[in-house]
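Consider the two complexes below, in which subunit A is the common component and subunit B and subunit C are the respective partners.
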Partner chain A sequence: MADKELLLHAEQIDKSFGPTHAVDHVSLDFYKGEVHCLIGENGSGKSTFTNMLTGILPIGSGTFTLEGTQVAPKNQVDANHLGIAIVVQEQGTLDGLTVAENMFLGDEGQFMRGGIKDTRAMVKKAQELLDDYGFGHIKAQDPIENYTFEERKLVEIVKATWFNPKVLVVDETTTALSQDGRDHLFRIIHRVRDHGDCVIMIDHDMDIVMAISDRISILRDGEYIGTVATEEVDADRLKTLMVGREMNEKYYRTDWGPSLAQDVAITMSHVSVPGQLEDVSLELHNGEILGIGGLSECGMHEVGKALFGASFDRTGEVRLADGTEINDINTAIDRGIAYTSKDRDNESLLINDTIADNITLPSLRDYGKFITASKVRSEAEKYADLMSTKMVGVSQFVSALSGGNKQKVVIARWLAKGSDILLLDSPTRGIDIKVKSDIYNLLDEMRKQGKAILIISEEIAELMGMCDRILIMKDRKIAAELARDRDLTDTDIIQYMI
Partner chain B sequence: MSETQTAVVVEEEPTRRLTLSAIRPFLPFIGLFALLGFFAITTNGQILSVRNLTLMLNNTYLLFIACVGVFMIMTMGSLDFSQGSLLGVASIVVCVLSNYNVVLAVVGGVFTGAAIGAVNAFFHVKRQIPSFIVTNCMMFLLRGVIQFFTNTPIMGASYLQRDLWNMPLMMTITVITLGIGYFVFTYTSLGAQLKAIGAGQTAARFAGVKVKKVKTLVYIAAGALTGFAAFINCIKVGSVTALSGMMLETQILISLVMGGMPISGGAKVRFTNIIVGVLSYRILNQGLVMMGFDTMMQQLIMGVVFLVVVALFSDRESISVIK
Partner chain C sequence: MESFLKRARSSQFYGIGVLLVITLIVWVVFFALTSVINPGSFGQPDKMLTYLQRGLIYSVGACGFYFVVVQGLFDFSIGSMIILSELMSIAFIPRLGWLSVVVVPILTGMALGLINGLVFRTLRIPSMIVTTGMSLIFEALSVVVADINGTRLPAQYSIFGSYPWNLIFALACFCIVGFIIKYTRIGTYSSAIGSNELVAKNMGVSVNRYKVMALMLSGTFCGAMAVLYLGYGTAQTPQTGMLSQALNFLPLMGVFFGIAFRRYGHPIVAIVIGEFMVSMMLAGFIAIGVSTTVNQIVTGLTVLVILMLTTKVRNGAVVK
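And now, the complex of A and B:
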């Protein structure tokens, strides 16, 4: 690597949020033609670091030097003009605009003809780019909300790369993408690298990190730990570097025998939801973990909502073992069903509310006619502590927590409610290894207690590692059912998805 | 919004620091006493005279009662601009019915308010139209109704006994209303659900809050409360004119905001916002009158105060969620 040419140098980059030292005087070098992964647990400062580089956050102190010139972008468009682009972790496109308008957002100047925007030229250029990237099925003149989360991510990738940026930041984008979308992304990443530019990638998936990167830098609690060449390390070594201690707890379940219980907890028969599900039937048993996998838009995320009574325009039947029909959320919750959404910040959590309110909201009715603040507090503390949530106190706002701790709050909520059927959509999305392993242990524990657990996940390893049965969905239908098996490989599973 | 709350990542145990955000909950109280102090000086203490304090108190009953309902609406992150005209229409009903029976008049006022609240709720909740549009339209519509009926002289006068207007009765009614409001807001799951809807409607739905039902209920309750306030308005003023209840919605809004209520509702709402807010508003209003400002000047100053308070204390992150 020593022969590589220096592209970007970060010198003593530092940032604090109030009392939190998010990035602690980090100095790093990035070379031309490399894929450089930043890894670390949630809250280790990776995103904060790249957000300063790309103008999303102002730089606290320190300097970035790009090809000998100091850069301090004021915003993302400014960063683009300097040759730095980012694909963000969350949705980065805006509703109400067309695909083309989103693509050239903040950069419409090039299409201005005498003070008037030449929409046709903009659409034409956008469509050319989309076709060129192989995303011809996305039409530039369409409103962006016609497209799925994944397709919108693809648009964002085009938006971030078409002008050949010198530095491309990809912040945890793979979690939002199906296998198909990931392949597109990797192809583009390689293209940027081969062009002699640098890709800075943040990802929690060690397999992806190992497969795609040339070098890996580790951050821990905002501090720079070190940089290694990918070919010199293995995933276990990286995990140890990330958490700063040996990971000797078991990660997934270790038993491979057939599942214990056979009595049905909840049945879904011939359920259809327009545009999402077509005639889907399934049974979830007590004491088992059932997995649902598939490409991102195969409809699997709707299965959780349908079982929870949250789908709109659903037909077909969802019934509990005792015959109760589940048609609305309140019945579902009252009858012991819990649901955690993939869209954690919007559907699961009241972001601008306290940990206490978030944990106790569904349980309030159980506290009797009159609710006191002390009851809410003590219940919330009990379950937040049970999940070992990292917090100042239960009156802290959820918005201040990291992804992993947010998920702990969501799970604590359903533990507090005492739910017996858990529908978990992407339970470990964007969560670091430590919390992930906590959650897996907890799920296994609950399975042994006889609870019925459904995991909807885009991570095949998670499905294989945790589930007694795996249903694979494709085009809104169930395509295959696989039993837990030590010899199952991801290729076995993927073949049913595509 | 405090710095620790806006931070994306807070992994280390943060220690609390004294920032603007830390003292924010106390600012409305400080404001209240600052206003009182300011006007005490500029009016040479006259504002603190018994006569003036009584006058100010007499002017708060109606506002207090109407504020309770709108407070609940705003906690959910919605708005209601129809309250003033609603008061006007309900006042007409109260006046007419008071020809027959006082109790009937009260019930009529409450029902009229509740019915208008239900119409607001229908368009906002069922038809999913933003609340400020629905209630603004309702305001124009009801103003027309009031114009029409107050043209007939017979509606102009209230037959209610003026002697109903006495301080102990009004105080009792106000305190009981506030007490019930406080109790519901603090000690029932409904109160918690209101805040949850304000903090995040979708997430609240997924946690089992019947968002539509709660919203409808609150709009009806708020209408009923202001309908009840119409009764107080009638015995105080003794007549209904085309201007009855004019600008009440703005007074409510300014009061709540001066009381420290986040305009987007949610978790930071406190019941004390009503008390502190109405008192602050009244003192500001009375102080300006006593300093000899004319109505136009008063309005201008109120407007500036409103903007400054909103700009200083609003929760900019969540302001976009007002519906």
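And now, the complex of A and C:
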């Protein structure tokens, strides 16, 4: 990068959470006019590093130097004033506020005249920005809760970029966006780069990393491993650098023979959910992995909820092989059905509770009248260890875990419960390739044990690699059913989606 | 028709319109009942003004309480702050005259709210516990203050107990709090803190500072409510043993309405209409001869049913 000018230098950045050394004396350079991807397994310290840069976390030790000036932002707005912005992985907008208030939260000063907020000017400016970005369908004066997760993410993107930050951090945002939303994001990233600024991007999707970045830095267990020019590496080499060994064991299933599926585990008949599903019927067999794919808003995410008895205003029927109707969550759990939501932090985890409580929560009713702390602890430890969860102990709070380890906790919960039907919505969202590989192996093992598994996924490769059958959804209906086939291609699937 | 309804629902005045229609229905129902059971006992213009007068009093108290509840906190010292503010007003009348009728209770409420906030911030224990503990202290202080100049407001100082001054004073309070919500940072930050405190903190919001401010605003508007309440009742005896808690709940009713309808952008208007409706219902039940106990049960249940029917929560939404 001899021809590029240094923009940001990180010197010996270090951070610990109790006994966990999250970032271990990392030094890194970022140049003007580059897209710099940070990659690494879950828990490798990427988000902790960028959170310190953007004021979300205080810096443990070390220094960030931006254009020759040492910076240590106290919070995100302070970082913005220094020219550093971030689009966070999870939801970063707040209910109860309008779109405009969210966009300028903490930075209302520009609209204050003698301590009085000029609400009209704020809404006008926000709407101008939304229009300018091509998001004119989002109205600045509306309450933010009127909009979908993806639309709220688009608001965050505008909020983080409208003032032309020198450094823009995009932390695992693509997984929350549809293809259209991703196209918008990539256009904005290119605009920031072409303006001579720097984009630091965290993403687990190697295709995206390879397509969009100029350089890639790898972190492993909090340590800096190295930086490579994107044009000089391939995805396999990056995986090896991330994991620290050759990734030569199988990643997806390698069997292509006839499906093991025999008897039906659960049936969905003519199920409709207003605005989500229209007359959807399917059968999930024991010993089968059934995939459901489609565009983000096609209704596929509602299928898992409907099978789990968690849909509202559902019509139609969900029935187990023994005739039991599933109309509520308690019956579903009692009859061995497990469900993991795409929105892991809000719908699957008790984020401010311990790993032990999270793992044992649905199993508590099986422990008898009196629940002892030692029983909870030993059960939690057993299943957390089984999932190789990277943690200090089961009394650690889930909020301190990385995305992949959080997902391990969710799966461990249902393993502990002994569920036979697993409904997994986006099971590998925001998860690194090592954990992905572990989860795929586990699912394949469970399939062989005769468990019925449903995977809802926006990753076509995952559907093709893991599923015995794939149902493609479009406009809230099932558009096609495809059998597991070595010759199946992305194009075959996409043609039914769009 | 369908597109008209859709347009109406998306209007910012939809929530207020619905509340007004329900208020009208409540009036019609009680008027019809009392016409049969006890003619002339409910709903005439002069009586409606009385219901409004009581509604205005509690609405003013609810205005400050609103900030506390929006932030996810609670204030159990509302009643004790109102009583102490009233008694402080009476105590200083010989020295300060009219100043003591208006300024002293407001400043007292503000000081008590600030104390609540600072104790909450210093001790870092839940607001419910802090304000419950503080209400015991405020109750004890009210006994001491009552000894200074008695418990009666001299008749010449009771102008805020009747029209037009009660209305003028209440409208001034509503304008001030409406202004605070819409045109200052406190309104936005209170919603942000209630929604997700951590994210608000990351956006540079001084969360602790705004929590203290919310509790202080709560106290300030308790003081303002005390001006109207004392003018209306013209006397206030000190309460001990948590008896002041009974005064918490009528302002809280208004806050329910404010919170439920805030997404339509007019929480204060919702508070005022809600309090007026509750006041009218309480009077209506008395007019048809329902006992006080049954009256309170039915009023409570009716308010819950109205809120349930009018604030349709999206299926699956988290309700706290």
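The definition used in the following text is that the second predicted complex is superposed on the first by the 455 of 498 C-alpha atoms of A that agree within 3 Å, B and C clash if a C-alpha of one lies under 4 Å from a C-alpha of the other, contacts with A are read in each partner's own complex, and residues count from 1 in each chain.
Note that in this section contacts are C-beta pairs under 8 Å (C-beta built on N, C-alpha and C of every residue); 3 or more make two chains touch, one makes a residue touch a chain.
Here the structure is a predicted model, which is why all the values come from computation and not from measurement.
When the two complexes are superposed, the chain touching more residues of subunit A, out of subunit B and subunit C, is B. Of the two partner chains, subunit B is the only one that A:P362 touches; subunit C does not reach it. When the two structures are aligned on the shared chain, A:T48 is found in touch with subunit B, with no touch to subunit C.
Of the two partner chains, subunit B is the only one touched by A:D353; subunit C is not.
Contact with subunit C, but none with subunit B, is seen for A:L105 once the two complexes are overlaid on the shared chain.
Contact with neither subunit B nor subunit C is seen for A:A479 once the two complexes are overlaid on the shared chain. Once the two complexes are overlaid on the shared chain, A:N75 sits against subunit C while remaining clear of subunit B.
When the two complexes are laid over each other on chain A, subunit A has residues 310 in contact with both subunit B and subunit C. Contact residues on subunit B toward subunit A in their complex (touch as defined above): 2-17, 19, 186-189, 192-193, 195-196, 199-200, 202-210, 266-267, 315, 317-318. Subunit A makes touch with subunit C in their complex at residues 55-56, 74-78, 92, 94-97, 101, 105-108, 112, 115-119, 143, 145, 310, 312-313.
Those residues of subunit A that touch subunit B in the complex are listed here as 17-22, 42-45, 47-48, 221, 308, 310, 329-330, 333-334, 339, 341, 346-354, 357, 360-362, 364-365, 367, 369-373, 376, 390, 392, 396-397, 399-402, 413.
The touching residues of subunit C, counted against subunit A in their complex, run 70, 182-185, 188, 191-192, 194-196, 199-205, 262-263, 315-316.
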